[in-house]
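Next come two complexes, and both contain chain A; in the first it sits with chain B, in the second with chain C.
And now, the complex of A and B:
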């Protein structure tokens, strides 16, 4: 079924046609634009025979099947019915728009939007995948926005378009949520799977959520109460758009959705209550408001709302016959309402006004158009021999055959009849007020008949109205049957499409509606007077003020939450982290686990007490910065002792050397920063922060304790077993760093290099002034480089480098390695800087630290790439043992080259940071005095 | 021993977080340093505490878990890079903004005369 895939995509291709042919004549552009939709319509109709036989076509192009994302289309009776409406009415609208749009309007752009909408709408009705359906659903909202705002120079067009997009778009998001839950409940995003699992869905606990969310999408799209207000405001669109989107197709998308998911979601009390009551209210409210409109299109828009409510009510009733009636009315309403909109457009076009208070007696000027409009209006009112009569009759019958409201069920037929009365009254108004009822008042131009071909679409539609009305089975019998089958996902019930069912109650209801409607129209003056007592409210203003209120509220929220204070953000993040971790800790029953604890010893207790005291001292004296730095370094020292104690010599060495470098760095930084921190935290804030910090510390300590006292099932036995045989080293930590997890290490030295380069750039353009005295106002010592320090550090340098080389070389087998050796070397060089000053070093050490970082990362990467040469994966290591006289047996491993890269990067990065920072003290110093 | 170790980790975390919540950049740096000690100790302890069992083959009967050690080793070095970056950033911020508050502006306090800073010489 490859041609099925083409159905929606032919129109997509067709969006280009009007743009490319816009420079031709308007007629040529219209015909070329119509070609592809016409071809698509023929394709659809070519399947009609099989569809009427009850077949169903699927076509799938898998995309990401694992998460249910496919490009999937289906063609069944319901999809075909909608496809015919979309394409058929679309073609008529293309012809109509050719005459409706003025020469000033860009017809190419208009057609492109229109075909884009056609594509989106076809996508909705043909989709066989929930997510895909939603995608096209939103595309209809967007293309509808473009079409409503086609006359973007008018403020009501812009406002109406915005309103329609907001309402339908928000509904679309609800729909997405609903469909996602639905798909997860069923376990498949395929539409057919969902339809086949109706019982599963209805039994699921998610069912109420799904129904509400999906219905929100449907109700917003189909302008159901209380979301109906956007539709009359969308009438700012050009009339062909109103005829196409806002009567025949897009507003039916919500109805389509309800019909599509009918087997999966309908037939429960919840569905009945929500859908039928919403439909009933919409039916009445729309019909009532329609009567009081003075704008022709306003009347039609509200009547559309009312008819959509009627269809919704039918779908909510839950009987199979009601569903058939709903589908029948979808067809009939689309046909008569599209023709009425086109007629209204002709009247507007040829008389320059849509105001029924000015439009009177047009019969004299355009009798032909008047006749067409009258037939269509009669269909809208439900006059016999018109298609509207048949479905309305079915509607009345169904209202009598339901008992879901218990003893109050008789309300529904009565209210349905009341709605029918209003429908007759507003249809009557459309006919009488416009075509008769005196003479036209102050029309901008003298009304006349439209161009010949502008009338053709209306003629075709009105002819269909009559044809369906008189020969219903012949006209739509098969299509209706196929669509009903597809909707119910099973055989449709028996129903009769005859005009005459005998003299029964529904016929009486029709007669009451007709007579009542005529009486109501005759006495409309009283009703209008009554209605005038209500304060007029413009939904546009209400909507805009609601949106503005929402914007103000969110701005206030943002201003409160995001006030620009990093201090505050850190608090929020940490508080959130506390909540998240604490909530899962509550589920842990016992803190202590099964693993036996190591007994305490005096030395450890002493160290722990020292650590606690120094940590607290750091907090207490944090405003005296140098003191805090000293206590901090004590903490660091004890941390490295702890590593040594608990069998991590590599960590101890690393921590120790990093500690030295960090303290030097912080002291250098402190030189340029204030020596003391002012006291500025309010007592409240201190209590708040202390509470959060203690809570956090308590949680982390608890987790740590719970972790340590539980047995460990580690993956590390793999590393210890393979370290010697696979990596050629006995120091497992180092082998992990340079071999097993070498890729991680490569990433980390890259980060180190990037951080160093970032710091270099930050320092490069820093303009700091040099304090000439310390925090207590004492001048710096004149003796910048003490002799003793110079001599000792100079003589220590070779020794330190030797130690560094030793640590580096033995790293593979004993504690040590590139990281530690690099840090030791850095400390040795920094010592020279401290003892001799930057100028002295500059003339003697001519390393470019940036090149050092680069070559370090380069060497590490190349040693990894080298294994490719030998046909191994990236960073596989090689090693072997050699023998040299004097030295003896020794090992060479490719991992050492990698470790050399690590070494160079660490030295380069550390030195780049510290040397450049230190250099700041020697640049030309501004003399400004600092006041703290 | 584990209890005492956990106590120390918790205390270091608490001290680190309290200082990280302060307003001046240097206090924050000190706080972050304390916090990274705590984090490193925490991660290290996830391999469980063992005495006299360095993960060097042939040196002992049992080996401590080498994986957290390897991870913490790089974490220490990266932690240094981060501390350095933050410190330099703090200096740069002071140079460009004229104060060392993390928010970039000094908080308003009653009776507080505007602090003078000669950042941009």
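And now, the complex of A and C:
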């Protein structure tokens, strides 16, 4: 169990190794980098014996089991096959890249990306949880983006990487949706549960959606038609990346996904139709395009697309034998294609070109590499005694044994043979055009054999090609059997891995493909001429224009929805809220509930009338700002009276203090605004807004009435019951703020502090135009600080501070608390600013409001952390009662320290905002002649 | 006796509040409106104290103290605005 968890995480640790060892020699760096993946490979192989016996390993670390999130890994035949491919070829790529990358490239960064990708791939194949699988899936997209764009100075590398990320990323989102629906259908996100419930999934109504979404993910990743265009563009990556990602691993992730979910999703007509047709089209399109590529890597990339299509087609045929053939071809393709990419990289590296029109006759210059490449391409073409031949024979056999297209099923073997013809033709081109066919033309350097060890990975892979091709059962028999078992989630059918099955139809198809391919290559001039008649289209341009179109559309949409008009936003929000609430209210038959109504008295009616009239007056006079501010103050006053009347003294106190601070803030801002607002709304707009606002007001009124007339079983009972016993305070509001929901309050004061700092940052050093006269053109008074105001304000300060301290101290048990006390203190200090001016205060109040905010939040956080010292959870409060002579019995609570933090933050934030808004003007003022 | 007094006083305060609002709405100058608001603060204090006497609870007196103190600040700020425009110089 434990060693299984380490499988993916050893490479994760390994990402650091190249970064740390990059300053050593390149060889040392390569060896150190290879150490952890090699260890991982050994760990995987150590499980081989048990896996071949049919065992399966699971390891789970629960995280949030309630919503199906666990760290879960599994190692079965399929996972082991992929793990061996990922790690084995990865190790060879590390060795190869050591020689491939030039001295200019940062090898540490390259290896780190490569190992990160290895980690992601291992995570995909070893995952035993759907969400986790998706997470690693996305990580492969991101790390492959980094690898493809490794040569970021090249525009095609950046564009190719972006395209690959967009296509595979979009597929990844579809996959996430598919996996979420799949998990919900099964009721578990565990992969094993999903695999065991194939029948349930296939019977569910969600099945078509799941299949389409999961296949979208698989097809984009595995470059299936019509998403195949990203793969050739990803060839801008360094060749070791192409050899690793685009032959053996990443593009196989989509295939892996189909194989992994084979027992759960396959075996329906929908699956067969989508998968086999997509595979067939991809197989043919890839093979056809490959023949016409002039770029060596372009040929290989399109051939990869074609082979991936072949595997997909096999997975879509629906017979168990076809699935076995698919697995077999995964192995074979990975081996010969990786070696071909490496050979192409060697040719590019040692001759300076990848263009097959210039590369000719390299046999003379690099016979050894040429031999290796020829063997590998023979395997790609499906020549006997190579591994590619065996799986292609199985493929041909399976095409003959399927009936997915009914009476038209004979098309498939014919088209498969046609694809085989193309495969032989492009393999032939790879051999003949590059190594023979005359002399090289205009190569940047004279070709020569690569360094000894750069060839080693190719040699190993080619040797495996031959070994598998000649002794298939010995080489991969057990592995293939175990992987097939795991794929089918049951026993694999009988199959034979022999080279010779007698003279049968598949052999005839192979022979036709070989001869046809050779003939096609011989007559390639005609084909090329035919192909040249098509207008050349660059998928990169098409893709780029599609992306730009999408961007323009989104920008247009944003410009329409987010045009900077606050009225429009409010309109949208209110309209939406009206629709959402009105629809439920329409269903409510009786508005009034069972609760008896409180009798009306004259006082309440008076206050209500005052409230309504002043609210209306505010709206009507909204363009006369000062008057509107005064009427708004009346509204605030009446609301606080209402709070007091209906037993919410805390709210009343808060409302009052917030009210005053708001009024001061608005007066400060008003000075810089025009005294009269011009008429901005058109009559039509007024009618629209007025009706919406009235409608919404009516709805909110109805909801309030309906709510208040019904007995409501809210959580307030819990707070009332536990306030004294649990929080040590009788003022429930305050205990909620500092104890029950203290964490919430901590967040709020943090936001308050950040907002204050943000405002400070915005207006610091800002100097605004000052009107030289009031709205009526009267000059301002000369008396800056009237004596009367000074005297009264100064004597108010100690009184206000006393009130503030009183409210703060009794806050835990009686109405009050740090927030109200903080506001009262701020108002008292602001009054001194108003009466005496900034200069006067600066010499007397020395503390920095920013530090005050910081220390406030700090104290609150520390008081929360303090409970950890005593082994309690964050912010759990402590209280006890003490006795002192003279004072008597009193209570001390840790919540009080928290409240002190709240107090300091509130004072600091309020003062920072108001005092700095007040300093927007310069001390010099524009003067105006007094009117005589 | 106390109850009757309370009711009588409440009626007086209500009338006063209504008249305050009348003055506030009518104006004509901005000083009239500020004075009306300030007087409303005072009437509100009276109302709260009266309610406290009626409910035999001192729980509401802090609200009265705050209105007295903060109402003054609010009025002072508005007056300073009329005087100088810029209330914090």
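Here are a few things to note about the model shown:
Basically, the second predicted complex is superposed on the first by the 579 of 932 C-alpha atoms of A that agree within 3 Å, B and C clash if a C-alpha of one lies under 4 Å from a C-alpha of the other, contacts with A are read in each partner's own complex, and residues count from 1 in each chain.
In this section, a contact is a pair of C-beta atoms (placed from the backbone, for glycine too) under 8 Å apart; a residue touches a chain by one contact, two chains touch by 3 or more.
Just so you know, these numbers come straight off a predicted model, no measurement behind them.
When the two complexes are overlaid on their common chain A, residue A:619 makes contact with chain B while staying clear of chain C. By the touch criterion defined above, A:475 reaches neither chain B nor chain C.
With both structures placed on the common chain, the touch criterion links A:803 to chain C but leaves chain B unconnected. When the two complexes are overlaid on their common chain A, residue A:125 makes contact with neither chain B nor chain C. Applying the stated contact rule after C-alpha superposition, one finds that A:670 touches each of chain B and chain C.
Residue contacts after overlaying the shared chain place A:390 against neither chain B nor chain C. Of the two partner chains placed around the shared chain by superposition, neither chain B nor chain C is touched by A:416.
In the superposed pair of complexes, A:815 makes contact with chain B and with chain C alike.
Contacts of A:767 after superposition: chain B is touched, whereas chain C is not reached. Counting contacts as defined above, chain A residues 629, 645, 649, 670, 814-815, 917 meet chain B in one complex and chain C in the other. Against chain A, the residues of chain B that register as touching in their complex are 1-27, 29-30, 33-34, 37-38, 40-42, 44-60, 63-67, 69-70, 72-74, 76-85, 87-92, 94-95, 100, 102-103, 107, 109, 115-121.
The part of chain C that touches chain A in the complex is made up of residues 10-11, 14, 17-18, 21, 24-25, 27, 30, 33-34, 36-37, 40-41, 44, 47-48, 51, 59-60, 62-63, 65-67, 69-74, 76-89. Across the complex, chain A meets chain C through its residues 602-603, 606-607, 609-610, 613-614, 617, 626-627, 629-631, 633-634, 637, 640-641, 644-645, 649, 652-653, 656-657, 659-660, 663-664, 667-668, 670-671, 770-771, 774, 780-781, 783-786, 789, 792-793, 796, 799-800, 803, 807, 814-816, 824, 827-828, 830-831, 833-835, 837-838, 914-915, 917-919, 921, 923. For chain A in complex with chain B, the residues that touch the partner chain are 564-567, 570-571, 574, 595, 597-600, 604-605, 608, 611-612, 615-616, 618-619, 622-623, 625, 628-629, 632, 635-636, 639, 642-643, 645-651, 654-655, 658, 661-662, 665-666, 669-670, 672-674, 677-678, 680-681, 689-690, 692-694, 696-698, 700-705, 707-709, 712, 714-716, 719-720, 723-724, 730-733, 736-737, 741, 744-745, 748, 751-752, 755-756, 758-759, 762-763, 766-769, 813-815, 819, 823, 906, 909-910, 913, 917, 926, 928-931.
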